[in-house]
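The block underneath contains the structure these notes are about, expressed in C-alpha cells.
Chain IDs A, B and C follow the sequence of writing; residue 1 opens each chain.
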Amino acid sequence: MEKPVNNRAWFLVLPVLVLVAFSAVIPLMTVVNYSVQDTFGNNEFFWNGIGWFKEVLESDRVHAALGRQLLFSAIILAIEIPLGIFIALNMPRRGFWASLCLVLMALPLLIPWNVVGTIWQVFGRVDIGLLGHTLAAIGIDYNYVNDPVDAWATIIVMDVWHWTSLVALLCYAGLQSIPDAYYQAARIDQASRWGVFRFIELPKMSGVLLIAVLLRFMDSFMIYTEPFVVTGGGPGNATTFLSIDLVKMAIGQFDLGPAAAFSLIYFLVILLISWVFYTVMTAQREVP
Amino acid sequence: MARITLDNLAHSYNRHPKDESDFALKPMTLTWRDGGAYALLGSSGCGKTTLLNIISGLVRPSRGRVLFGDRDVTDLPTAVRDIAQVFQFPVVYDTMTVRQNLAFPLKNRGVPADEIARRVEGVARMIGMEETLDRRARGLTADAKQKISLGRGMVRHDVNAILFDEPLTVIDPHMKWELRTQLKALHREFGHTMIYVTHDQTEALTFADEVVVMSEGRVVQAGTPQSLFDKPEHTFVGYFIGSPGMNLLEAEVDGATARVAGATVPLAAPYRLKPGRVQIGVRPDAARLSGGTEGVPFRLERVEDVGHHRILRGRVGDQVFNLLQDEGVPIPEGASRVTLDPARIGVFVDDWRVEPLERAA
Amino acid sequence: MAAARDGRGWGPAIVMTIYLLFLLVPIYWLVNMSFKTNAEITGAVSLWPMNPTLDNYRVILTDPSWYMGYVNSLTYVVMNTVISLAVALPAAYAFSRYRFLGDRHLFFWLLTNRMAPPAVFALPFFQLYSAVGLFDTHVAVALAHCLFNVPLAVWILEGFMSGVPREIDETAYVDGYSFPRFFVRIFMPLIASGIGVAAFFCFMFSWVELLLSRTLTSVNAKPIAATMTRTVSASGLDWGVLAAAGVLTIVPGALVIWFVRNYIAKGFGLGRV
C-alpha cells in the first residue's frame, strides 16, 4: 500500500534531526574545518586547502593501516559469517535448550569492549592465562606481545569469540521464520540436506544476512578498544588498525589537520564499502 | 500407484497418552481405493491434517500401520513413499525459476535431463504456466505459486497419491473454482489417487467421489456425497453437510412413532432402541409447514431468500428448526406446525444412527 | 537433549556444546581469577581457586572510586536509552507512515551515522562538550552515544511499526483520538516488543562503548570500564581486582539478557523477518 504524502511528518522527525545535528553535524564540521587548516599553536589557523588530504592519501603509514584494516575485516567476515550460519543451523529450535543457548550466546555481546580485551589479554598470557599456558605446555611457542602472527591470531580469535553470536542470532531469527511446510515439501521432493539449505534456508536468511554482513563490516572496520587493550597496536605497528592509528595521530600527537583529513577519508571509505555491499547483496536478491 | 490402507491407526502428540482425550486421532481402519478422488472433511482441529501427514510420512503414527498396496510403509520416510503433497500455503523455492521448481523433485531422483525437460513442459501445459516457465518464482501471485506446488506433485509419474491440505485457502474465489475444475480434469486424465482435505463442504462435495467426514479425531462416516446427505451415520455429519444442516430434535421413540415436543410423529418403520439420548433428524427440505393440527408445534422467526429457495428459520420448543421451501410455495397464514416426511426421518441414539427393525433383521 | 529428539541426531548438540565451551571458558577464566589472591594468580595456573577469597570484590564494593564507576556507567546508559527512544519513536512513526520531502535521504543520512567510527568523533566531541560546559557530565556521554544509538533505534522501530496495519491508526482517529493520545495509549502497546528490542540494543551499545565515554569524562562521570584501564596502568598488575571488576561489568548485561531472553530471537530479526 502506498504511503500518503504528508510534509507535516517533518515535525515528528525534528527531535531526531536536532539531536543528531548536535551530536554529528557540529563535530563533523569541526573535523572539516581542521582538515583544511594548519596551525602553529596559539589558536591561530590558516588555510591549507587540500594539503592534509594529499599528505594522508600519500602517507605510507595510513596505507599500511588501511591494508591491515581491510585484511582484518576480510578475515573476520570470512570466518564469522559462515560460522554464524553453521551455528544457527545447529541451534535447538525451541524449548529450554533454545533459551539457554540464546542467553549464553548473547553474553559476549554485552561485555564492555575493553573487558573483552582484558579477558583475552589475560587468557592468552603464558604465565597466568589458560590458553597461553596450555599452548606452552603442549610445546607451541606462543607470545602475542612479541610475535605479530600470534598477535593477529589472538585478535582474530577474540573477534570471532566476541561477534560470531551476533551473526548466529540474526540467522537464527531468519530460520525461525520459515514455516514447517517448507521443510515438509522438501522432504516430499526428496531434497538433500544441502538442497534444503541452498534453496530454502539460505534464501530465507538473505535479509538478515545482509544486516549481519553490514553490521559486522562496519563494526570491524571501526574496531579500536579490543585490540588496543590486548596489543596496544603492537608488536611494532602489526595490529595498528585505522582507528588506533587515528587516535594516535589525533590525541597522541595532536596532529589535528592530518587527523581530521584522515577521519573524513576513513568515514568515506566505510560509506563506500557499505554501499557496495548493500548494492551487490540486494542486486543478487532482486534479479528478475 | 497402490491402494492405501490405514490399519488400526491412532495417533497422539503426547508421548505417554493417558486416556482417549490425549489422542489427536482415535483408532481407525480405513481403505483408500487406488485412483479414487477423496475428500477429507471436518472442522478445524478435527485431525484431518494429522491424518494426511501420517499418510505422507511426515508424522509417524503412535499405533497401527500404514500400508501402500500390501507393503507396510509405517516406518518408511516421506522421500521413499512417493507421495506428492500440496500445502495450505504455497511452498515454492523462491530463488529458482518456475521451470527449476517443477524440475526439482525429478532432479533429486536422478531422472535424465531430456526426460525432465519433457515432463516439465507437459506439467506446465497442464497447469497453464507455459508462458511463465522462465520467470523467477519470487513475486508470482499466490495462485500461480500454488499451481507450481501442484505442478511439483504432478510432474512425478510414480506418485502413489497426491494429498491436498486445504490448498485453496489463499486463492481468490473465482480462481478457486477454476483450479478445482482443473484438479478434477487432471484426476480424470491421469487417475492418481487424490486426497483433498478441506473444511468447506462445497469444495468436498464437488471434488470427491467419496467423502470422509471427521470429527474430534474420529472418522464418523465415509461415503458418496449422496449417502452423506441421505443417510448421515452421525449427527455431526447431518449437521455439517447441507445448508442449512439437518434438524435434530430430542425425541422419545416407541415402535414406529416418536414423540417430539408433546406431538406424535409417525416413523416409516418400528425401532427398538438401546437406552441413551434419542434424537430424530430430518433434512430441512423434508419438512412442510402446515396450518392444521397435524405435526409438531413450530414458531416461525425469520424468512431468508436464497435464490430459488427460501429458508424458514424458527424453533420447535426451544430447539432450532429450519425448513427449505421452493420460492413459489406460499407461507400459510398463522402456520404453527410442521409435518415431517416419515421416509426421510433418521433416528439417532447418542449421536449414532440406528437402523429400524425390519432392515436390521 | 532436545536436539536429539527433533530427529537431527547428536551432531547439533555436539556442535553447540563445543561452541558454548569456546564462549564460556574465557569468561570462566576471568571469574576464576577474581576469586584468587594475586599471589595465587601469579604463582601457578589452576583451573579453580585453591583458596577462594572475596577480597577482590570487597576492594571494589568499598572504594567509591571503584563503585561510583558502575553508578556513572549505569546513569549515562539509562539516560541514553531514554533519550534515544524518546526521539526515535516519533521519527520512526513518521518514516513508517508517511512520505515527505527528503524522507529517503534523511533516513539514509541517519543510517550513515551508525557507520561513523567513534574514533573520528572523539576529538571534536571533546572540544564541543568542553565548549558548552558539559565535559565530564553524564549527559555528555548520553548525548554522544545517541550518535549511533538513535539511528539504530529509528531503524529497528521503523521495522516493527511497519508491521502494524495502518487501519489501526485510521480507526483510532475516526474514534476521536488525538495523535499524542493515540500514540501513547494504542500504538505504543502494539509495538511493545519492538520498543523492548530497541531499548535492549541501545543499552547494549552504550554499555559496551568505551572510546567516547572515556574521552568525554575525567572524574565525575567516569565509566567503570575506564576506571579499570586506568587503575591497571597505575597500580601495575593487580590482576585479582581487575578480574573482579571485569566480572562485575558482565553482570548487568547478563541480567538484561535474562529478562529479554524470550524476545532475543525475534529481536535479532529486527522486526524484519
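Note that in this section contacts are C-beta pairs under 8 Å (C-beta built on N, C-alpha and C of every residue); 3 or more make two chains touch, one makes a residue touch a chain.
All values derive from a computational prediction rather than experimental measurement.
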Graph separation of chain B and chain C (steps between touching chains): 2
Pair joined by more contacting C-beta pairs (A-C or A-B): A-C
Label of the chain whose CA centroid is most distant from the centroid of chain A: B
Inter-chain centre distance, chain A versus chain B - centres from mean C-alpha coordinates, in Å: 57
Where chain A and chain C are represented by their mean Cα positions, the distance between them in whole Å: 16
Touching residues (chain side chain A, partner chain B) in the complex: 179, 181-182, 184-185, 187-192, 195, 199-200, 203-204, 287-288
Interface residues, chain B side, partner chain A - complex: 53, 56-58, 77-79, 83-85, 87-89, 91, 93-96, 104-105, 108-109, 135-136, 149, 152
Of all residues in chain C, those that touch chain A in their complex: 1-3, 6, 11-12, 15-16, 19-20, 22-27, 29-30, 33, 41-42, 45, 47, 83, 86-88, 90-91, 93-95, 97-101, 103, 106, 110, 112-125, 127-128, 143-144, 146-147, 150-151, 154, 166, 204, 207-211, 215, 224-226, 228-229, 239, 242-243, 246, 249-250, 252-254, 256-258, 261-262, 264-270, 272-273
Residues of chain A that touch chain C when the two form their complex: 1, 3-10, 12-13, 15-17, 19-20, 22-24, 26-28, 30-31, 86-87, 89-99, 101-115, 118-120, 122-123, 127-131, 133, 161, 165-166, 169-170, 172-174, 176-177, 207-208, 211, 218, 221-222, 224-225, 229, 242-244, 246-247, 250-251, 256, 259, 263-264, 266-267, 270-271, 274
